[in-house]
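Handing you a structure now.
Chain lettering (A, B, C, D, E and F) follows the sequence in which the chains are written, and residue indices restart at 1 in each chain.
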Amino acid sequence: MGAVLDVAISTLLSPIILFFALGMFAALLRSQMSVPEAFAKGLAIYLMMAIGLKGGVEMSKNPLTMDVMLVLLAGVVLSFLIPLIAFVLLRLTTKLDQTNAAATAAHYGSISIVTFVAATEAVRLSGLDAGGHLVAVAALMETPAIITALFLASRGAGKRDEPVAGSEQGELIREVFLNASIVVLVGALAIGWIAGEEGTASIQPFFVGLFQGVLCLFLLDMGLSAGRGLRQGWRQLTAAIVGFGLYMPLLSAVIAAGAAYLLGMPPGDAALLITLTASASYIAVPAAMRLALPEAKPSIYLTLSLGVTFPFNVTIGIPIYIYLALLINGQG
Amino acid sequence: MGAVLDVAISTLLSPIILFFALGMFAALLRSQMSVPEAFAKGLAIYLMMAIGLKGGVEMSKNPLTMDVMLVLLAGVVLSFLIPLIAFVLLRLTTKLDQTNAAATAAHYGSISIVTFVAATEAVRLSGLDAGGHLVAVAALMETPAIITALFLASRGAGKRDEPVAGSEQGELIREVFLNASIVVLVGALAIGWIAGEEGTASIQPFFVGLFQGVLCLFLLDMGLSAGRGLRQGWRQLTAAIVGFGLYMPLLSAVIAAGAAYLLGMPPGDAALLITLTASASYIAVPAAMRLALPEAKPSIYLTLSLGVTFPFNVTIGIPIYIYLALLINGQG
Amino acid sequence: MGAVLDVAISTLLSPIILFFALGMFAALLRSQMSVPEAFAKGLAIYLMMAIGLKGGVEMSKNPLTMDVMLVLLAGVVLSFLIPLIAFVLLRLTTKLDQTNAAATAAHYGSISIVTFVAATEAVRLSGLDAGGHLVAVAALMETPAIITALFLASRGAGKRDEPVAGSEQGELIREVFLNASIVVLVGALAIGWIAGEEGTASIQPFFVGLFQGVLCLFLLDMGLSAGRGLRQGWRQLTAAIVGFGLYMPLLSAVIAAGAAYLLGMPPGDAALLITLTASASYIAVPAAMRLALPEAKPSIYLTLSLGVTFPFNVTIGIPIYIYLALLINGQG
Amino acid sequence: MTKYLRIELIIERMAHKRACRVLEAAGMTGYTVFPAMAGYGGSKRWSRDTDISASGDMVSIVSIGDEAKVRDTMDEIANLLGAHIGIVTLTEVEVMRPGRF
Amino acid sequence: MTKYLRIELIIERMAHKRACRVLEAAGMTGYTVFPAMAGYGGSKRWSRDTDISASGDMVSIVSIGDEAKVRDTMDEIANLLGAHIGIVTLTEVEVMRPGRF
Amino acid sequence: MTKYLRIELIIERMAHKRACRVLEAAGMTGYTVFPAMAGYGGSKRWSRDTDISASGDMVSIVSIGDEAKVRDTMDEIANLLGAHIGIVTLTEVEVMRPGRF
């Protein structure tokens, strides 16, 4: 427990989280500063390449075992499943209508790559190890939640039958399965796997050496986004909705911990699977929702995911998830 | 003296200054090349994060002494004071009206972070040391000059009484005290201070290792901006105005040297305080002036600050300022 | 021969090429992902600075010999000459009209810096050495081809006599001789030469350490561009045109190999000269053509150069060019 | 005399390809898309540089065509805007080289 | 029949929030802001990518509303443009879904 | 009463300086250039972020002036568009502060 507290404190005082706090603070004080969108998007691509490569290189060191395959499968199942639970809870405890509840649920079934990265750091600081295949799990968990949400939103009568004008066969599928983060994560994972440690040696200074620093810059921007979203959108959030943004990750975490326990995952891997399940999307899913459920309100699902759940996860959540992972391994 | 000449020459031949010269040269030859604004702005944020972190880490090594506090105070006083002198000189020697003179004066009271960074390099090359708190001085010196200038501009009769339509209580204050460079400099300084050397070790490759290189890229862009500004704006500058852009930094430098002497500052610190005082703003103050004194002409104050004073400072000025700093320490 | 095959394979499996393939693959699958233009353009400037500096530093180590001068001259002559051959072949084998044939020919006479960089890597992997002056050759080879093409396009009757409205004396010359890549390449080369190894030591972590990694990111973007161009433009390309895009580089390579043989160039240098001659422009020349020959169709020349020749060169071409270079040195 | 209209369609960036397909399908000869950087509507503000998800981003699609074709296009556009947020205006314009529309 | 007008206000980027506040205060239902990249006026040129201070940048604010509301807004806009550089045009437009303005 | 026209010229980015020079030479008091991000014409699509050569990029140049001056400008613009791709529209607008045009 003491060790977990140490992790919690060193997480909170790490420059990455401090820059996030700086951004959030500046936005709440209504500073006009911003990171240009093109630059931030470039950094996001860098981060995903780096994560993918790292995972791929690590995976290239060990053969693909049945255990690994089961973890991948567990991730997919969790991503399909969590939105169901989230949807039911939202409908019972908040006043959100079917569409908004489904759209919000999709966010919680999908994942946040930055939360994943922050957890990777915390896991390392805790002296634990995690396998490269968790990056593959992350990529796999992005989309199933969207499918569940679309199913939930379309249930019941009165739904639009004819497609929206101009919509095209396959456009949603392309958006969902071939969005930047999946293409880059999976592609870089494969490249890391093929090229291996030796083949990627010459690009390590860029992708490994700079990773932490770039993350600081990116989190400054995320803090600005989250703070501004919160300042502008908090009126749309009732107490019940905010509550959901705080207890849902914990609930997801417990479910994921159960799965990790059943699969006998080592603590590092388990901590990352739990974090992925507990994290909520704020890039890929909002984009997909604009196409698939345009009548759902971004000011609800985005404010909640980026302004409430993300800050909660990277500060308080991750130490809890590591603790859970130790617990199921009898080391809590 | 010989040592100073050496510094002067190695300053002039450092890649940083050579890239600035390249940009200026290309712009004067009317090359169409440009660095995309979003990319340059991203690099500027990086540079300020790096400077702030470095200062903060250094400050974390020593306790905050009374001496440090006095230097901070001296910076603030100089920033308040210099615009008064600049304003009087501009009104006496040029034909600028009250508003334009006040706006221009604000630029010379505030500071240029890139000039500061170039001086930091030159100080290091001269074998001197400088304290991290000079970064805090830089942040503190950005804004007082703006306040003085607004006061100068609003004196006298016939000034607008009712506020501009759409202007909002506090918008100027936010712009002035919470602009990107202050938020990032002060924030990163605090983060460096809190996290210390150990806490920032993992982000050093990004923020320390790359600093000089990024600076080259940024100065290429500054050269392009300065050259293009000069080419398009030189017609607006009379000889008297250009003269001001060259002697004002020297005058400021002498005043700052006096302050540094009174405070007994070591040569490295003194050189940086002198440079800050001698430098002129070209990002933060122009932005504030567009809001506060929209009738003042950017083609005057910006061309002068970016096209005349900045090149003067980074080439000839800095070696002189180091020499002054050695002089007041009896080492000239 | 075995060694060449090894190079071919390690070229094909290097992360740089794999990222290019990833981008191309994603684009062909119609993924919506993209690298923001401002970010990609910033990276391009970085890459050219890095290449120029490296070449300049290497050149600073040896005196400028007559041999070097002759290689520079050979590059210029090849760039003037190749478009003539390309033009004749295009007119004979395809249905392109005079203007489109001339515009396309210009691309093949000029060079691709990224192909050059990829060849530099492959040369290094083959255990060969190459001189820094090849960077100067690259810069010199960019423009002569454009002049030849303009001459070819303007031959014959019925050509526009009066200039296009708004066109300005010298605008084309500035675009052609002072475009970003020439300014940055030549400027950085000069700076590297002046500052030398010692003077550039502090910027090496940025410009040398990161180079390979940045290249991966840039090639991901190039793959996306090439793939998308191909997907949208392939209908404009007849088999004869595609054929030209594949045999023309080989023909250019053989001619350049002849020149290299006559000049007695060592294998590393020869491989790079051959690659430059075989490579085709996709940034500088298209821009110049929009100004000088606006009636030529980008969907032809750009799709061919970026979608056909570039992928051919970086995968299959480069190993062949290295083999040719060994051959003329009696080591094939 | 043929009358020409300029369609200006301000729509979510994520949905703009749908609008583009509608315009193409209706036989408009061309259109041009411009990125917006900020906006306000329904008492909410958005700004490109401060929203990491970019889900609030809008673009403006400008397309010029003759009246008949533009009027035809409007039905499908209305269908599209039933699902998405956005506004459309039509302005009468004079064109050069009318033959090309 | 209600007439609808499209306001196009080209103004300094630094001052655009003031204009936005004016529009909001006047009860316009929405507006959209577009970044300009270059321009010319008063015999001076500016260009976004070549001015590091960004102090010359302009933006265009487009806002559609019914005539009455737009006319009301113009007084305050005039006050704003007394202090800032910028130009305003009003164009008569046809709107779809008039109810929303 | 003087009539004011708004020129909107959608033209290739590479050629936009030529258009700007034409406008300046014709005595227009100002213009503003906006970057486009995508478009369609001649059954080809282009998109800024996906074309590394940027040779397909278009911009929109907006310039407001009185009718006489705008009409004068059109001849030279026609000459320019003989060589380059692009479209021009003229719209009648109401201006504030007419003195400045």
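FYI, a residue touches a chain if its C-beta (ideal position, glycine included) is under 8 Å from a C-beta of that chain, and two chains touch if they have at least 3 such contacts.
Computed from a predicted model, the values in this text were never measured in an experiment.
Student: Along touching chains only, what is the step distance from chain D to chain E?
Tutor: The least step count works out to 1.
Student: Which chain maximises the distance between its CA centroid and that of chain B?
Tutor: Farthest from chain B by mean C-alpha position: D.
Student: Which chain's centre, taken as the mean of its Cα atoms, is farthest from the centre of chain C?
Tutor: E
Student: Pick same or different for copies chain A and chain B, depending on whether their interface residues overlap by over half.
Tutor: different
Student: Could you give the separation in Å between the centres of chain E and chain F, each centre being the mean of its C-alpha atoms?
Tutor: 19
Student: Approximately how many whole Å separate the CA-defined centres of chain B and chain F?
Tutor: Chain B and chain F have C-alpha centres separated by 39 Å.
Student: For chain C and chain E, what's the span in angstrom between their mean Cα positions?
Tutor: Roughly 45 Å, centre to centre.
Student: What positions in chain E touch 2 or more of the other chains?
Tutor: Residue numbers touching two or more other chains: 20, 34-35, 45, 77, 91.
Student: Which residue numbers or ranges of chain B touch two or more of the other chains?
Tutor: Residue numbers touching two or more other chains: 34-40, 42, 205, 209-210.
Student: What chain pairs are in touch here?
Tutor: Inter-chain contacts occur between A-B, A-C, A-D, B-C, B-E, C-F, D-E, D-F, E-F.
Student: In their shared complex, at which residues does chain B touch chain A?
Tutor: Interface residues on the chain B side: 36-39, 41-42, 45-46, 49, 53, 174-175, 178-180, 183-184, 187-188, 190-191, 194-195, 199-200, 202-207, 209-210.
Student: Looking at the complex, which residues from chain F come into contact with chain C?
Tutor: 12, 14-15, 17-22, 25, 44-45, 47-56, 76-77, 79-80, 82-85
Student: Which bits of chain A are touching chain D when the two form their complex?
Tutor: Touch list, chain A to chain D: 27, 34-37, 40, 160, 164-168, 171, 221-222, 224-225, 228-229, 232-233, 282-283, 286-287, 289-291, 294-295, 298-299, 302, 306.
Student: Which bits of chain C are touching chain A when the two form their complex?
Tutor: It is residues 13-15, 18-19, 22, 25-26, 29-40, 42-43, 205, 209-210, 212-214, 216-217, 220 of chain C that touch chain A.
Student: Can you check the complex and tell me which residues of chain D touch chain F?
Tutor: Touch residues, chain D against chain F: 4, 6, 16, 20, 23-24, 29-35, 59, 62, 64, 91-97, 100.
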